[in-house]
Structures are given as C-alpha cells and as structure tokens.
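Labels for the chains are A, B and C, by order of writing; each one numbers its residues from 1.
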C-alpha cells in the first residue's frame, strides 16, 4: 500500500523533471527564434518585421529583398544549422567520453575536417557536397587515429585528450601551411578555416548541413537512452544492457559526421562544440538528455557570436573570433572546476 | 653507462661516466658543426662547392654565392634559436616537473605573439629592439598565467591540466591577436609570415638584436642547473635540502622565458623543439641538469638546423617554414610520450 | 521461493591484453544464496566477476546463465536477469536519487517504449527497500558514502534481476556503513531470494555474511564451500601468504581470522 502511494510520488517527481526539461527546451527555442529574428531585422539598417515577413513569403520588397533575402537570411539559417550541429555533436562526444574536455574541437576532429576542407577549397578549388564528404571522411579518420593512438588496454580519457591535442597541433600547422601557399592571400577567407565564419554564405550551402543534421542528429537522438546510461560509466551502462562498443561507434560516427559537414560549410566555429554541452547542463541541471538543449545552445551561441562580431564590436569580426575569445576563459574555468570537484560534465 | 645518477648531483660521478659524457658532448658538438655545414651547403638552390667556399670567404659575386651568403646568418640564427628553445623546454619541464611542458604547448609563444601585435597596433611600436622586450614580457606573463591555471585545484600541475590550460590560452590569445590585426591590413601581412615560424629571413643585424637576450638567458639557465636538480625531488624535499624553492624556480623560469621569448620574437612560434630535446637528452645523459642543459642546447641547435634543411629540401623549388617541419616531427613525438607515460587521470 | 536460475562458469579464462588473469576456472554459483569471493590483490577476483557479467570477454571457456552463454546473449535481455554493480560507478553531476534509481529501468525499455506504472512501482520499491525513499529528491553528490552505495544498490534493484553481482560494495566505506550495506544485501537475499555474488576485501565480513565462500589464488579456485570449511588456517596461508589463527567469531559463530605477524605476539 505504501509502496503504491510512494510510486505516485516517484511518478510525480519524474513528470516534474520531464516538464522542466520541456520548459528549458521551449525557452531555448524562443531564444533561437529571437536571435534569428534579430539577425533578419537588424543589421546596418533596420528592416521592420512586416517587410521581413514579406521577403520570407517570397515577395519582392524594394530595398529589403536583397539585404534580408540575400545577405541576412542565409547567414541566419547557416548560423542556426551549424550551431545545432556543433552543439549536438560536441555534447555527444563529451557524454560518450565522460569528459567535457573531450570535445571534437579540442581533440582535433574539427581541425581534421577543417584541414580537408581548406585543402579542397584552396588547393583543389572544389566546392559543394564533395568538400563536405571529404571533410566527413577526414574528421572520421582523425577521430579513429586519435582513438587508436590512445588505445592501450582500453582508452583512458586523459590519454585521449592529450593525444588529441598533439594531433590537433600537427593539423593546425598543416592548415597554416596550406593557407600560406594560397595563391591569393585573403585574411577573411583564411580566418574561416582557422576560427570559423558565416561571412558570405549562400542559402544552397546550407542544404548539406541540414541533411547532416537530420540524418546524424536523428541517429544520435535514437541513442539518447544509451548515452544517458553511458554517463554512469562503461561498466554500469553495460550492466544496464547497453552495448557499449556499438553505441560508441554509432555516436562517434554521427557526431563526427555532423560536425565535419558543418565545418566544411563555415569552418570550425571555435569552441561552440565544446561550450554548448556544459552551458546546457548548467541551464538544465541533471533533468534529462542534453542532446537537444545543447543543440539549441549551439545555435544561440553562433547566432549571438555572429551578431556581436558583426555589429556590436568596433570592427567586424568573424563569429569564430568572438566564440573563441569568449570560450577560452570558460575552458580555463572548467579546468579549475573539474579538477576541484573531480566530476564530469 | 649508469643513467641512475643521483638527481641532486652531490655524489661525485665516476670517472668513466664523466668521460663518457664529455665525449658525448664533444661528439654532439661535431655533429652540430656538420649540420651547420650542411645547412650552408644545401638549400632550395643547388650550388657548386667552389661557390660555397667563395661565399664562406666573403664573396657574393654570383647568384649562387649570394644564396650561400644568405644561408650563413640563417644557420647561425637557427642554431641560436634551436639552442634557446631546447634549453627553455628542458628548464620548463624541470621547473614544472612535467614531461609535456614546452613553450608551444604551454601557449607561451602565442602570448609573445599577442604582446608584439598589441605593441605594433596600439603603441605604434617600431623600434626592433622593443619588439624583443615586448615578446619576452608577453611570454613571461603567459607562462605564469598558464602555470597558475594549471596548478590550481587538487593534484597540482598535472600534464593534462597544463596542456589544456596551454591549449585554451593559445586559442584565446590567437583570437585576441586576430581581433587586433583584422582592422589593420598594414600589419596583417607581416604577421602572417611571422606566425608560421621560420628562420628564412635571418640577417646578422637581426641576430645582433636578440643576441644579448639569448646570452643572458643562456647564462642564467646554465647557472640554475644545480637548483633544477634539487627541484626535481619535489618542493618539500628541495626545501629540506636547504634550497630556496621560490628563488630557484623563479631564476630558472626567468632564464627559460628570456630564451623562448627572444626566440619567438625573432622567428615566430616554433613548437615542439622544447618538448623533444629534453626527452632525447634524458635518454642520453640521465636526469642530472648539469649535463642535461648543455646537451639540450647542442641538440636543440642541431634539431632546428636539421628541420630547416629538411624544410628547404622537401618543398623544392619553394621551402617549408621550419615551424611546420618541427610540428610534423614533434607531434608524433608528443603522442609517443603520452602513450609511454602512465598519465594520471585529471 | 525456489530460485529457478543458475549461473555457471566452465573452464573460464580471461585477462587484459596479453596477461592472463583467470586461468581455467570452474564455478557454480549456488542459487538463492550469498556468495563472497575472496583472495589476495591481483588474484583475479574482480576479473572473475567482470567476466561472469560479460563486461570482459572470455578468452577460453564460457559462462552460462540459465544454460545460455552470457557472452552470446543480447545484452539488454541479459540485463533483465543479471544485475551488476561495478566498483566505481559514476553519478552524473547533480542527478537526484530518484532519477538515478530510475536509470535502472533501462533494460526494460526499447527505443520507443513509454514509461509505465510498473516502472514507477519498481523504482519506488527499490527506494523503499534500500531505505533511500526519504532521500529521493536529494542530489547523489551530497550523500554520504554509505547512503550513496545504498542508492546504487537501489538502482541495481530497480533493474529487477534475480541475480546481483557486486564488485567490492564496501570499499571506501566506514565500518558502520560496511555493515549497513551487507545487512541490506542479506535482507534482499532473504526477502526476495535474490542470488548475490560479491567480491569482498574483508575476510571476516566475508566469512560472516556469505553462505558460500570462494577463495581464489593465481587466477584459479583454491577453495569453495561453507565459510567454516574454506576459512581454515591452511587456506589463509596459501591464499594470502599469511600465518593466522582462526577461531569462532563470538558474535556470529562464523570463522574469525586473526593474523599472526612478527611482533606483539603472546600466548602462542
């Protein structure tokens, strides 16, 4: 009898967690929407909402059609999409390896994808889906190399991160080399591949990113419960019936895939993959899966960082410079805090 | 050979070991000379022996002789910078008792870069010698900053925390650097070539500029060898042996920062030399810093000259900046160290 | 309750990398009983537990649960029959007790399945049995070591398995909490007929709480059976390399090991 009534208490607590998760997700969605609207309406000039809506509806609005339709809309769409890719892919990595520092942009996966993209674009003059495809392959290859090199009677998180830092250093110097060989040196273009930028993107470039988000994101979401179990350690997860090895492979494939495609489009927007998960965890608390909240946080970061870089600072900066400058102090804070608490994400 | 030397170095080492090490050092010196000659003789342009001899005796009449004449300061420069980086890496690893310490990994190079760029853009810095000062200042501040961050919390400065703090600081400082130079097209171009790290543009005037700093760094570093031996035993034990730990650490660190700051100011960030050299030298002579430091200086010089020569050969007809070559040799080395070590969990 | 399950290891070998730790071991876990595995450090206690619960592959031989090889069974299906508490599980930062315990329902859910009444009841029951119901909305990080261990046991209970394997459930605990945890496990064994297999460090606690003792040495089974038969002076000497006196424990009547060192000896 008491157990039955206590079961209601348990159920109530569970429902409260679900409701809170939904509240956070809705709030984050609104924030993304607000950032999206802001990017569309407010740039060098202000475009009233009704004109923006008319442009979005496909009507020809003098003055607004070009600014909103050609400049701001692709930018905003791309920012949201790559932000979600980085946010979700990054947090999946962090959860899988149970270490916020093991994010793809720290262990070299983003660098690998970026190096492939920069080589294809600058040296081979390729573009479009081919670049995205090659970036995915390169990102996966780097992930496998880092994983393989850190394997010694199992993978220790520490070793993986350190090996990743070493691999990233090598790849970064390769990127610097390719850029120094570029026939025409354009700092803005170079910065895209070093820090990430949504400058001058076209709407059709967003399509591969959207597809990657749908396919790989769906794959990750289907593993939500397994990922949650992995947070309690490999042994506990295995004891709960998670196929740890398979889950690892699926999660790595999916998150590297989405991050590499996003990187091929905008470059590795600094630290978004690394930051989104911990920020989402801070907002949400331990109230359920971080995948969707962290994707939304990623979108907010890229939208916000781009807006700040474009219009708030005295000079125009690509989004990656802003997120990099903001993210590094947070990384330092995390190093101190993780160490003090001995905890994970 | 006994490598299990007493780390404090109070026990007299046996005569044979002494001889062996002196001989090794001499051998290293000869190798270095050979590499210097190689560096003068080999380059992007193939030149005849007669031209090399002519250039070495001061003639610059033909193009070939001129090309060789340019290689002379370049070689001296690479030797000096390599020795500086090797020494400063050895000292950083000794001071932090951390096998992964290196000016590049600790982010000290980017700190120097940021300081130089800020000086250029905001303070209208033009005089070349202020460059060096600013870089050393930037390097010093960054080193202290990264080390502080890395040693906060439980467990002190673990390799992982130091490496991460260095990586994070590097990224932040690169972003700040980009933020400073983006509006300034006039300094962006110079920064671009500087940032990759090369010794290609060396002149005797340039060498004269950094030489005082390097010499001061060399002297301070070599003087701190015995203190580093004490520090290797841990702060508590070093203090117990009568060493003023803070002073010892400060002096050694000053030497390291002078060296890597001046080196970075002169030729841009060159990573991994400071990481590899101490590990290789420890394999040769063990852990006594009185031997380790001279070995590190010689091998650092040799390594950088070699990397420079390799960079000139493999990318003919143009050349590969030495910073890229060292990264490609050094990163696998770094990974090897990480795999070999029983790295503590964070 | 008559237990209808069986867990058997046949000629089992396992290890990490090239090093063989378990070496052709046979063991039949008595159903409905508490079994404790003891042995010196590095003798393969944990390896045996991990191999029996399929966390570690067997290099030779097999482990059968109800006649089926655990290494070949679907892991989710296995997780509904065999629970395991690893030595150092990780609580996600800030997670509440109720949330953590409900994670134990994982093997009962597929990709799309919804949470049912029975899930809530299983969680509630696990919390009550382990006396952690009052803590259910507290964060796991804030709890004491003993409370935390009870929460982890609750999670394993929410899994509703007939067998529960525990790897050193009492390490890092104060002696009072060690007793608390072992009492709880004994309660579970008596009231629900759960078969318990655990690795224990403390010989005397193992002898007191186990129905069946397994003494291991060098990756093999050295002795097996009632604590009274296994915990002899001769066995302690071969398994631990320790001279000792074994007397009846005045509290429980089970064997009590008193080590003999080189000093402070009298009355020998």
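The rule we apply is simple: contacts are C-beta pairs under 8 Å (C-beta built on N, C-alpha and C of every residue); 3 or more make two chains touch, one makes a residue touch a chain.
Just so we're clear, the structure is a prediction, and the values are computed from it rather than from any experiment.
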* Considering only which chains touch which, label the overall pattern as line, ring, star, complete or other. => line
* Asked: Which pairing of chains accounts for the highest number of C-beta contacts?
  -> A-B
* Mind checking the centre-to-centre distance between chain A and chain C? Centres are C-alpha means, answer in whole Å. => 41
* If you average the CA atoms of chain A and of chain B, how many Å lie between those two points? -> 35
* If you average the CA atoms of chain B and of chain C, how many Å lie between those two points? -> 54
* **Touching residues (chain side chain C, partner chain A) in the complex** => 16-17, 50, 53-55, 75-80, 83-96, 98-100, 102-104, 106-107, 109, 111, 115, 117, 120-121, 123-125, 127-128, 133, 136-137, 139, 141, 156, 159
* Asked: Which chain A residues qualify as touching chain C in the complex?
  -> 2-4, 6-11, 13-14, 17, 98, 153-154, 222, 225, 228-229, 231-233, 235-236, 238-243, 281, 285-287, 341, 343-345
* **chain A to chain B touching residues, read off their complex** => 99, 101, 106, 149-150, 152, 156-159, 161-163, 165-170, 172-174, 176-177, 180, 185, 187, 191, 194-195, 270-271, 313-317, 320-322, 324-325, 327-329, 331-332, 335-340, 342
* Over in the complex, which chain B residues touch chain A? Could you list them? => 100, 104-105, 149-150, 152-155, 159-161, 163-165, 167-169, 171-172, 174-176, 178-179, 181-183, 185, 188-189, 192-193, 195-196, 271-272, 320-321, 323-324, 327-328, 330-332, 334-335, 338-339, 343-346
